[in-house]
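Okay, got some structures for you below.
Note that chain A is present in both complexes that follow, paired respectively with chain B and with chain C.
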Partner chain A sequence: MAIHKGRGISAIEYPTGMNQNGDPSQAWIKMKPDGRVDVFSGTADIGNGSKTIQSQIVADTLGVPYDWVTYDNSNTDSSPVCTGTFASRATFVAGMAVKKAAENARTKLLEIAGKELEIDPADLEVADGEVVAKGAPQKKISVADVAVAATWTHGELITGTGAHLNPYAPIVDSETGRVELPPHAAISYAACAAEVEVDDETGNVRVTRLVQCFDVGTAINPTLVEGQIEGGAVQGLGLGVLENCYPYYPSVEHRGGQFGSYLAPGMEDLPQVDTIIIENPSAGGPYGAKGIGEMANNPQPPAIAAAVYDAIGVWVTELPITPERVLRALEAKAEPRREGKVVIFDEELSVNSVSNGGMRFEVPA
Partner chain B sequence: MKAVGARLPRYDGVAHVTGRTTFVDDVRVPGTLWVKALRSPAHNADIKRLDTSKAEAMEGVHAIITWQDVPLLEYGHLSALGIPADEPLLAKDEVRYKGQPIAVVAAEDETKAQLAVEAIELDLEEKPALFDVRKAFDSDAPVVHQWGNWYTHFEDEMDRRQIRKGSIQEAFDKADVIVQGVYRPAAIEHVPLETQVCQVVPEADGRLTIYSCTQALYFSMGVVAAHLQVPLNRLKFVGGTVGGGFGGKVDTATETMCSLLALKSGKPIKWRWTREEEFLCSSTRAPWHMEIADAVTKDGWILGRKMLTLHDSGAYSRFSPYGLTKHSFHHTGAYTIPNLEFDGYVVYTNRVPTTAMRGFGVTSVSFAVETHMNRIAKELGLDPFEIRLKNANRIGDTSPNGIVYTDPSTVPTILAVADELGHELPADYRTMSSEKREGELLPEHLVGQLGNPEDH
Partner chain C sequence: MRLTVNGIERGIESAPLTPLLYVLREELGITSPKAGCQQGGCGACTVLVDGEARRACLLAVAAVDGAEITTVEGLGAPEALSAIQTAFHEHYAAQCGFCTSGMLIAAHAYLEHGGSGERESIQETLSGHVCRCTGYVKIIDAVAAAAGGEITSRQKWLPQTGEESPVEVPGAPA
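Let's turn to the complex of A and B:
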C-alpha cells in the first residue's frame, strides 16, 4: 500500500463570444459637468470582473483617470442591450461596445475642446484628463474644463454610444458543418500540467500542483485574469476528482441535495497553482483582449486523468475520478483489446455494449 | 497612468467582502408575498388531475398559478437560432423530470405557501422513464419527448450535428494504428453561493420591477416579455450583480412565474430557492458520452478522427442544441486533423434539463480529446509534449468547419508549461512556433487542408 506520484498534461483551445456569433452588446456614456464619466452597460458582473474591465477600457479610450469612471449596469431602463455574461464575451464583445461608446464621446469632447482652444479637433489628443495639441503640449485644456464649457458655454452634452456585433455565421452545409464566416470572435489557447498523489489503498487522488499557461490576448487587468484562471483551476479540479450530480450515472438515485452530500472543492483541496500568462493579441478585441473566463476550467480534468495513469497505470475515463473508480480500475487492470491495427479501450462503456442495436459506433478495421 | 494592463482592484471588491453589496436577496419590499412550488415527484408521468381549489381557500394564500395562467406557455429561448420551443413554463399534461414545476403559490410567508403547495391535489400516472443515452435509440426504449428521444431540428431538419472533412476512410486505411476510447464526464451542479432568487414589484404605473440574479438582463427580459405577451416597456429588470452563476443563471428560472404571481395578486412577490432545490431542481452541466477512434501513424501524426457524441439534454432542449454545435466545432481541440467524421446527438432523458455551464459544450470534448491524446502518446511510446507540438494548430491550418486559424497559440502555451516543469525537448521541438507549416511539419496529409489566413 503506497502513495504514487504522477504527472500529466493537456492543451486546449476555446472560442471567445457566442458560437456562430450574432450576439450584440451596446453601451452609452455621458460626461458630468466636471469631466467625470458615467458608463451605462447591460453586462451583468457574475464575479468575472466586467465592471472593472469595462471601466478600465473606458478610462484609457476616453483619456481620463480610472477613478473618474462610474459604471452602471443596474437596470434595463438606463442600460442598453447586452446579450449577457456567458460565452466568454463580456471582455471582448461588451468591452468593444464600451470602447466604441468612449471613442464617440471622445470625438465630442475634442470638438468642444477645439472650440475652446481654437484648434482643429483633428490636431488634439487626450490622455490622463488633459486635452493637448499634438506637437504643441503647451496648448492644452483639462477635460474638466472642457466639460464645464460644454455644459455652461456651448449648451452641449458630451456623450457617446457604442454597439458591437460580430456577424452571425450560419452553417452553410448541414452535411459537413461548413461555415464561411468565423463562428467566433477569437480563439484562445491554454496548456496545463497536473501533478497528483494517488493512494492505492483508499483510491484517493490528491492534486498537488497545477501549472497552467493561458494566452489571454492582452491582460486588461492581470490580477483579475489570474483570478479567473485560478478560480477555473479549482472548478476544473472539482470536475476531475470530486463533483457529480449522479454518483451512479445514468441512474438518478443517490443525488446529493446539500453540501454534505455533494462534494465541491474546499480550501483543503487546493493545490499549488502556477499561472503563466502569454499575450498573443486578438485582431478584433479591445486592446487585443481575448475571452478566457470559461476555458479556465477545461484543461485540468484531462491533465489529472493522465497524471493518475502516470501514477498507477490505469485510465479512468469517467469523471470524476473518485476513490471508488480508482479502486475498481486497479482491481480490473483492464487492457485494451487489440484487433489488427485497432486498439480498443473502454469497450464495456461503449454504445456497442449497452445499446440494443439502436446506435452503433463502427470503425472499419 | 494607463488603466489597461494595470493591476487595479476589483470595482466592487470592497463592497463584496464587507457585505455591503446589494444582491437580490438583500432587497426588502414591505408587503411581499413568498413563493413555493409544487414540483413533480415522478420522473415521467401523465397528469390526470390538478386541483388547486383547496389550496386557494387557505388562510394567507393570495395567488396560485398553473399552466392555464401563462399567456404563452412555451417559448423557445433560442428561436433566433432556429431552435423551436419544447418546454412549458409550468407542466400541462405531463411531467418529464422529478422536480419539474407544476404550480406556484404566493402566500404571506414561506410556511403558508408550503402548506398550500401540500394541499394541491395532483394525480399522476407514472410512465417508464429513460436515463441512459446509449439506450435512447433502441426500439424498445420508452419515447420521452414530443420529437422522439433525440433533437431533430438542426439545419435541414437533420437529427444530428455532423462534421465531415476530408476522407475518414482514407485516414483509417493509411493509419498504422487506430486508437479507440470512450469518455464520460459527469453532470455537475453550478453551486452558486446565491441560489436562484427573484423579487417582483408591481408598480403603480402598471409596470413590473423585476429584481433578478440573471446573467443576461436583456435575454431574461425578453423571455419574461414573451411568456407574458407584453412589450419591453412594461418591464424593468434590476440586477447586474450576481452571486455566482457559472452559466446556470442564463436559465430564466424564477422571473416569469414571479411576474405572473405579482400580476395576479397585485402584491410584491419573492421566491428564494432552498439549497436543496438548487441542487435537485435547477439545471446542471450535462453529462456527455463520447466515443473516439483516431487514425494515427507510428511517428505520431493524427490522420483522422471519427467521433460519436451523445449529449444528455435531460427532459427538454434549453440550450443543448447550441452546446452540441459548439462542441462539434471544437472536437479536434488545439490540433489540426484533416480527415473528420463527427456525429453528435442531443438526447432526451428523464433527468433535470441540462444547460450552459462554464466551458459549455467544450469542457466535455477537451476532456475526451486530451485524454485520448495522452493514450495515443502512451500507445505509440511518444512524448506527450512532442505529439501535441507536432499536430498543433498553426497559422494557415483550417478548423473542423473550414475556418483558417490566424493567431493560434498551441505551441507557445505548451512550450511555456514544458519550460516551467523543466521538461526537456529536442531542439526541433524547442524552437517550434505557430508559423505556417513547411518542410517536415507539412507532411502530405496536411497539404490539402491548408487555407489562406488572409481570408478570415
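Let's turn to the complex of A and C:
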C-alpha cells in the first residue's frame, strides 16, 4: 500500500498533407477598392485557429497589414471547395491554397502598381501595405491607392485564386514495387515525458507532469500552436487514464448512460504541462508549416503507460489505464495463488516448468 | 413571471417548469449560455442569478422568478470588455468557444467573491467546467492574471484618435 512514482517517455511521428488525391482545398481572394482584402476559403475554424493562421498567411504573402484581411468561410455557396477541417490539414493544405491565391493577387496588384508608377512589375515589391520599387524606396504607392486606381482608373479587379492538391502517391507502385512519391507531404515529430503517481491499493493513476516537445515545422502562430499542444495534453491524459465508452468492449455492458459517467479530464486533473516547440520547416507546407492538430493527443498515452511501468513494474496494455486495469495487472504479476491443493493455471510458469524438466501444473477441471 | 436579464426587465411566458436555459435561449433569444450536457455536468450553461453562478439547465424558471440574470452579454460589450473578458482575450483562453461563456461567468463570480487567484483555488472553483480543447492552461493563466489585477477592463476596440483616415476615392460617386 504505497504511492509509486514513475517516469516514462514516448516518441511519435505523424503525417500531414495526405497524398491520396482526395484532399483538395481552393481559395479565392479579392481586394476591395480601399485595399482591404476578402478571403474566401472553405476551412471551418473549429477552434484550431485556421481563420487566424490563413489570414496571417494572406497578409504576409500579399504584403498588407493583418487587420486588413477579412476571412469569410461562412457560406458554402460563395466559398470554393475545401474538404474540411480534419487530418491536420487546415494550415498545411488550405494554407497552401490561400498562399497561392495571395501570390496570384499580388501579381495582379503589382501589375496595376507598375502602371501607376510606370515601373516594370518585376522591379516592385510589396510589404506593410506599400508597393515599393526595389532599390529605390522613394518610388512607392500605397496598396490602397493601387486598389483605388484598379477600380476607378484601370477598370480591373485585383483578385487571385489558388488551389492545393497533393499529387497522387500510391502506397506501392504495383509494377515496380517501389514507392515513387512519399505518401505524405510532411511528417511531424513529437516526444512526451510523463510523470505519474500510482496508488497500488486503489489502482489510481495520477498524471503529475507532462513535458511535450513537438516539431511542427514553422510555427505560423506560436501561441495557437501552444494552445493545440496544451489541449492535446489534456485530451491525451483523458485517453491515457480516464476516457472509456465501453469498459469491457466488445461487450457493451457497463457503458456510461449519461454525461457524468464518461470521464473527461477536468481542471483539477490538469498536470504541470511544459510545452516545447521545435521549428523544423517542411518543404511542402506554407512558409514551412506542418500539421499539429491531430497528433497533439498522440504521445501522452504511451508515455503514461511507460511511466506506470516505471512506477509499478507492470505493463498495462489497454487504454485507458483505469484503476481496475492497474489492479488486474498487479494481480497477474503476483505469484500464482495456491488455494488448498488447487493451483491456478499460469501459462508463463507452465512453459517455464516444462522447459525446466517437464513438471507441469494441472489445469483445474 | 418576470426576469431582469442583463439589466432589462422581461416578461416570461414559458411554462413555470421550463429550465432557465431554454427560456434564455429560446424565448429571449440569448444563446450565449450553451446547452451542453443539460444534466448539470459540463458548466456551459452557467449564468449569474442575483450575482451567483448557477447552472441554467437545472433551474426551473419559476424558481428564479423576479431574479436578476446576467449572461456574458451583461459582463461587457465588444467595445468595452470586462476584466475577465479582456484577460481571456489577451491569454488566448478560448479555442472553439463552447465552454467560454460558462467559464467567463464562473470566473467573473470568482473574482467578484474575492478569489485569491492562486492556481489551486482557480482549479477548484472552475473544476465543474469542462473544456475539451484548450487543456485549461491558458484559462487558468487568464483568471490568475485578472485576479492579480494585471489585466483590467478596457475599451481598446473603440476607434483610437490619430488612426489613419478613410481612403479617399477619386472619381467615385459621392
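Simple rule for what comes next: the second predicted complex is superposed on the first by the 320 of 365 C-alpha atoms of A that agree within 3 Å, B and C clash if a C-alpha of one lies under 4 Å from a C-alpha of the other, contacts with A are read in each partner's own complex, and residues count from 1 in each chain.
In the analysis below, a residue touches a chain if its C-beta (ideal position, glycine included) is under 8 Å from a C-beta of that chain, and two chains touch if they have at least 3 such contacts.
Since the structure is predicted, the reported quantities are computational estimates derived from the model, not experimental observations.
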Superposition-derived comparison: chain B or chain C, residues of chain A touched: B
First (chain B), second (chain C), both or neither touched by A:E230: second
Which superposed partner A:D34 touches (first chain B, second chain C, both, neither): second
Partner chain in contact with A:E268 - chain B first, chain C second, else both or neither: second
Which of chain B and chain C A:I46 touches, first, second, both or neither: both
First (chain B), second (chain C), both or neither touched by A:P183: first
First (chain B), second (chain C), both or neither touched by A:Q258: both
Chain B versus chain C as contact partner of A:V148, first or second or both or neither: second
Those residues of chain A which chain B touches in one complex and chain C touches in the other: 46-47, 49, 223-224, 232, 235, 258-259, 264
Residues of chain C defined as touching chain A within the complex: 37, 39, 41-42, 92, 94-97, 122-124, 126-140, 166-167, 169-172
Chain C-facing residues of chain A, complex: 33-35, 46-49, 144-145, 148, 151-153, 223-224, 227, 229-235, 258-260, 264, 266-268, 270, 273
